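Quick one: structure below, then a few questions.
Naming follows writing order (A, B, C, D, E and F), and every chain is counted from residue 1.
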Amino acid sequence: MGMKKPEDVILFKNNKRIDGRKPDELRPIKIEAGVLYRADGSAYVEWGGNKILAAVYGPREALPKHIQDPRKAIVNARYNMAAFSVEDRKRPGPDRRSIEISKVISEALERVILTEQFPRASIDVNIEVLDADAGTRCAGLTAAGVALADAGIPMRDIPVACAAGKVEGKVILDLCKEEDNYGDADMPVAIAPLTDEILLLQMDGHLTYEEFEKALDLAIKGCHIVSELQKKALLKKYERVLEVE
Amino acid sequence: MSSSVVPSIKKDFIYKLISEGKRIDGRAFDEYRSIKIETGLIRKAEGSAKVKIGNTQVLVGIKMDVGEPYPDSPDMGVLTTSAELIPLASPDFEAGPPGKEAIELARVVDRGIRESEIIQLDKLCIEPGEKVWIMFIDIHVLDQDGNLFDASLLASLAALYTSTVPAERFELGENFKLPLSKDPPISCTSVKLNNAIVIDPVLDEEEIADARLTVATDKKGDIRAMQKGLSGSFTIEEVKKIIKASIINGKKLREVLNKSIRG
Amino acid sequence: MGMKKPEDVILFKNNKRIDGRKPDELRPIKIEAGVLYRADGSAYVEWGGNKILAAVYGPREALPKHIQDPRKAIVNARYNMAAFSVEDRKRPGPDRRSIEISKVISEALERVILTEQFPRASIDVNIEVLDADAGTRCAGLTAAGVALADAGIPMRDIPVACAAGKVEGKVILDLCKEEDNYGDADMPVAIAPLTDEILLLQMDGHLTYEEFEKALDLAIKGCHIVSELQKKALLKKYERVLEVE
Amino acid sequence: MSSSVVPSIKKDFIYKLISEGKRIDGRAFDEYRSIKIETGLIRKAEGSAKVKIGNTQVLVGIKMDVGEPYPDSPDMGVLTTSAELIPLASPDFEAGPPGKEAIELARVVDRGIRESEIIQLDKLCIEPGEKVWIMFIDIHVLDQDGNLFDASLLASLAALYTSTVPAERFELGENFKLPLSKDPPISCTSVKLNNAIVIDPVLDEEEIADARLTVATDKKGDIRAMQKGLSGSFTIEEVKKIIKASIINGKKLREVLNKSIRG
Amino acid sequence: MSSSVVPSIKKDFIYKLISEGKRIDGRAFDEYRSIKIETGLIRKAEGSAKVKIGNTQVLVGIKMDVGEPYPDSPDMGVLTTSAELIPLASPDFEAGPPGKEAIELARVVDRGIRESEIIQLDKLCIEPGEKVWIMFIDIHVLDQDGNLFDASLLASLAALYTSTVPAERFELGENFKLPLSKDPPISCTSVKLNNAIVIDPVLDEEEIADARLTVATDKKGDIRAMQKGLSGSFTIEEVKKIIKASIINGKKLREVLNKSIRG
Amino acid sequence: MGMKKPEDVILFKNNKRIDGRKPDELRPIKIEAGVLYRADGSAYVEWGGNKILAAVYGPREALPKHIQDPRKAIVNARYNMAAFSVEDRKRPGPDRRSIEISKVISEALERVILTEQFPRASIDVNIEVLDADAGTRCAGLTAAGVALADAGIPMRDIPVACAAGKVEGKVILDLCKEEDNYGDADMPVAIAPLTDEILLLQMDGHLTYEEFEKALDLAIKGCHIVSELQKKALLKKYERVLEVE
């Protein structure tokens, strides 16, 4: 949003988007579970040009002690961009954007994890953006969901995310970089797919109420497609493990 | 916010009231507390406003400086929004660099203002690629009794609409009113509490809420920004209900804002 | 001090100061007690162009525990300038100047508070400069005194502060901005008004011993005037409370 | 690393194996784990490589920017090496600014590359004294199972040898391959364990090791850098033995590297 | 300083001595410890001095660089004073950024030098508005046995008076003596202890003192700066008494300083 | 290393080095023990143009508690350069270089200290470079060894350090500034002189295996010479103490 569109950029024409997709079409997505040795659970997601790793550690004793919650586990997601994941090198360490994203992802994940089973514990979810295109927070949350399942963390559901938005007056699914920069609205949504409960919802730009309803509907449909890919990745990992055993 | 614990007895009490359709301070579920906006308080600032929503008080000051534009927008002024949750405002706020709550607050207000494009940043260019106006919105929370999002955005808008660009101080011609478009986004925040939705929560409600949704709308009632918070979830229907209530209350808050900046 | 005076600035002429005051005249001062909802005690002070809020929290358990003093309460004053309170925006957070002022104000307040009544506790005094003219540390300490009384903190006395100084060879009370910038000396003084004990004393510039005696005398007189305003503000607050009750 | 305690039972077990001439994963004392190098993974980077040594994984990305040279070398590009021990890679790594382990790692890799002069920094000058290429080597550890020094240097070299200087993006003519000499230093790391010397330690070995020595050698087998670590000591003979083993293994690792960057 | 606790037995002992008119080291209440000043110790600094007052040792080094002036004083050099309470000097000093004690120390020395205008900052202008000399006074406390204020100001002055502006290193003509006026402020510090006033306190006295007053005076005996510290109070008479003693001792310390910089 | 040598700099000619020394000759070294009042042990070392102070505090309780090791004392060396110790003023506080040097010195010292005698304690070694020439880490470690002995810390041996290196193809002892800047290799070595165990070893530059053997031999010889100076300094201190007593 917010960037002035160069005149020669045509975001939507003949029902086709700038990268050739249809309005309700996702970018190519590849998900792999159990990709790291040290982590208790892990996942790798390629989503368009995004390459994202997620690793889960825990439940383990929350430290320092004064952060412990005697009633439940703390869910501590940390979204981080590698210095080389963006065009202009990003200085290492959290910036304001990544702190906000870490916060909303932590809150979204906390809802589905059975935190009350692990008082005084922390469940640490590390999301590393290695190569960034548009939509890293949705891809990161999706990877986190798989990594949590891979770690065997008890959950009500496997959380999943997908964005919808608007370009040139048209509601679309899963914005690419140009659509994100020059489009009219971006709305990342995370849900628990069994119930369609909304875990994360942000929006920037301009939507009429009717467009919002359409976009929300589209984003949830996208979430369900990605959810199937999450489950396939987990299944494949279990099959792999069974083969080895 | 999570650090302050409302004793469970208070939680039970608020839940019971809610189940009877009542709130702790007697308001309807979709009713705002009284709002008071004062502008032009700070002589050293280019614009300032203090917003009271009930007992919550937020002071916003605007400062301007001259500096370099960003390389990717050489003919646009620069906007920076910061929020300080100073220990003066609450026993739960600690001194030190902004934590995640303050950062989320600043970023939500910043996006509300930036994405709605009410500030005509192109009119804040002095020399393309060389020199532009740098604008700082500083949100100073003075008294925290809930709903900082709405109070901070309102105070930022009231401060902006009463700001003067201090061109004379920088020997850049005559001072002029900050160039703004007329349709600012107004945010309304609701929380989910024991499966009920209440708008403009007081701190006691916020502290036991499951989920929060802030919706910024424009004059026409279109949606300009949203931010969901807290670790609970909303159903699709709840989200729709909140948006509709935000559109209605947004109109009322807009009236209060307009009155304050006309005065 | 220390700034070269422009030639057209006349700081003192015909027994009048640059802002029209007499040598021993204070700027207009307005004090209000009990202005914040959350704080245990609070005060608002307008003093010339200064606008200052003070809020007191405590006595409460000092945290982290290792800072606790088993014999008495810690008095922790924090002087802070709002980013927009000065001509050139101040970067948020403490700078060296505000750390020093916080230190000398903390020490001055500690003397009058009956800290031995609250072992292991902290009494936190937050002073926010919202609009700065000259003399913010005196105005801030004065506000802190009222806020402490408003919070019901047991004190030997209500501390109060006022500066004296020198411009063009003349000893004067309560320097304004130009006098502060281009004058010969600035001497902030805080006292316990019941005994005239000196709680805070700083001086920069150039005073003969005789001028110092005169300036100290004048500053203490100023303190007593401001002390009366402090008491009136507290009385008014109590009256207001009684009316409500 | 010191924070994670291998239970003493595991230590006793590893010691016993060592005294029988065996290692926990069955390798010979002077044998490396299998090594896999992939390059060109990160589209946004000018060059990148992922190195796996056994279960250890390190990803390195190269970014370039245009900036000012140092005053004392006005006609040379600038090189900066950073390492992040991100909490993703190990339960013992904590978020926050680089600690002493990460700093030592980055500095040892940096010296290995800088002192061997493989990067022709004089060819990264754009305008002497004014404008040069600034190069960032960012070491991102993904999975920590021991011997980060060797994995990080290998990954840095593989990333460098497959990097393109993005001149077009900065409107400075055509992109070109990063100018590098052909004889990179290859480091081999050994630790002393119960008075035995083993090369390429896994984490379980590192955690109970007494002393560590990293030796970088060139094609000819000359020594280009050394770094001793940990609080134990080496005898003179042990140091000589390690250097000789490093020269031999260095040749093997060089083969692996060359294959990956030719591919 | 507050963290180190002099056992109450020592406190009682010092109090008892004081009530008998004696001090722990046998000095009179208004008597300084022996003072030793050495200059020109640090070859890399433009000027340096080590001051010993009893067992207290402070080393000050002056460094100069070329940089931009402040916008509001375009034709003046820039002065920066820092103090490091390094853990070498006391078991109570911790590594890390300067705490409030170090900041107060640096600011009191800085004001003493700045307000007395002994440095002719206008003579440190190279090109008005563009280029001036930047001067750093770095106070390095080596051994803390009380009265750091006086030792630090004395060491700063001795270092300044023996400093050379390194113009040649910056290719700005010949080196020259730092231009200084001849009447530096000399500070004397006293503390109140069991209602007595003692000058030049040792650490044991400082740690149990109620209040501290530092008074800087000039050659004529006029007052150039004051700083009260600690959480006790002074009566008006006590302040006057301290000032008078500071004027007298200031003259003696000035002699010591003058001898050291003439040498 | 790594700096281009100006053409008029001749590092080695007629078996003489740029500062007139022979290849195996040390710079002038002066060591003094017990130079500070507050420290439990201290030493001052002048080594060529280097001026270095070391102070030891401890064994004392390690704080905060969570850093304590129940089996032994922590050795915490802190190498620091004074802001004025180098040509271009150094910003106070640790930089990456000093953090690395602190780490390798801490590890070297830990080997010789009988840390198991002091569980839960810390032994803090502060090394302050007041005037820097080349070779500060060796001079600093040497000073630390004397300060530890002066503090009476039980040690297996008094650690000592010295560098060797190479200029213009010639292996030399104890590099001076120009040799460090424009030379071919620098190799700081620390040993326990009773056993010639190697406590610290770093190398940058270019050495053949044969040159390395020669350089290591030379560095160890240098260490032994410096070791004698350490012992003399300690002896002198004890004599001084005995005289006083």
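FYI, a contact is a pair of C-beta atoms (placed from the backbone, for glycine too) under 8 Å apart; a residue touches a chain by one contact, two chains touch by 3 or more.
Fair warning: this is a prediction, and the values are worked out from it, not measured in the lab.
Chains that count as touching both chain A and chain C, per the definition above, are B. When the contact pairs of C-E are matched by residue number against A-D, E-F or D-F, over half are shared only with D-F. Chain centres computed from CA atoms place C at the largest separation from chain D.
Using CA-based centroids throughout, the chain positioned farthest away from chain E is A. Between chain B and chain D the centroid-to-centroid distance comes to 48 Å (mean Cα coordinates, whole Å). The mean-CA centres of chain A and chain B are about 27 angstrom from one another, to the nearest whole unit. Computed centre separation for the pair chain B/chain C is 32 angstrom, with centres defined by C-alpha atoms.
Taken chain by chain, the contacts form a single closed ring in which each chain touches exactly two others. Here the chains link up into one ring; start at chain A, go to chain D, and the full order comes out as A, D, F, E, C, B.
Those residues of chain D whose C-beta lies close enough to touch chain F in the complex are 72-73, 100, 103-104, 106-107, 111, 114-115, 117, 213, 218, 221-236, 239-240, 243-244, 247. Of all residues in chain B, those touching chain C in their complex are 41-45, 48, 55, 57, 59, 61-63, 65, 82, 84, 86-91, 95, 97-98, 136, 138, 140, 142-145, 169.
Contact residues of chain C toward chain E in the complex are 1-4, 75, 96-97, 99-100, 102-104, 106-108, 110-111, 187, 192, 196-209, 212-213, 216, 220. Of all residues in chain F, those touching chain E in their complex are 36-39, 49, 51, 53-55, 57, 60, 78, 80, 82-89, 92-94, 124, 126, 128, 130-132.
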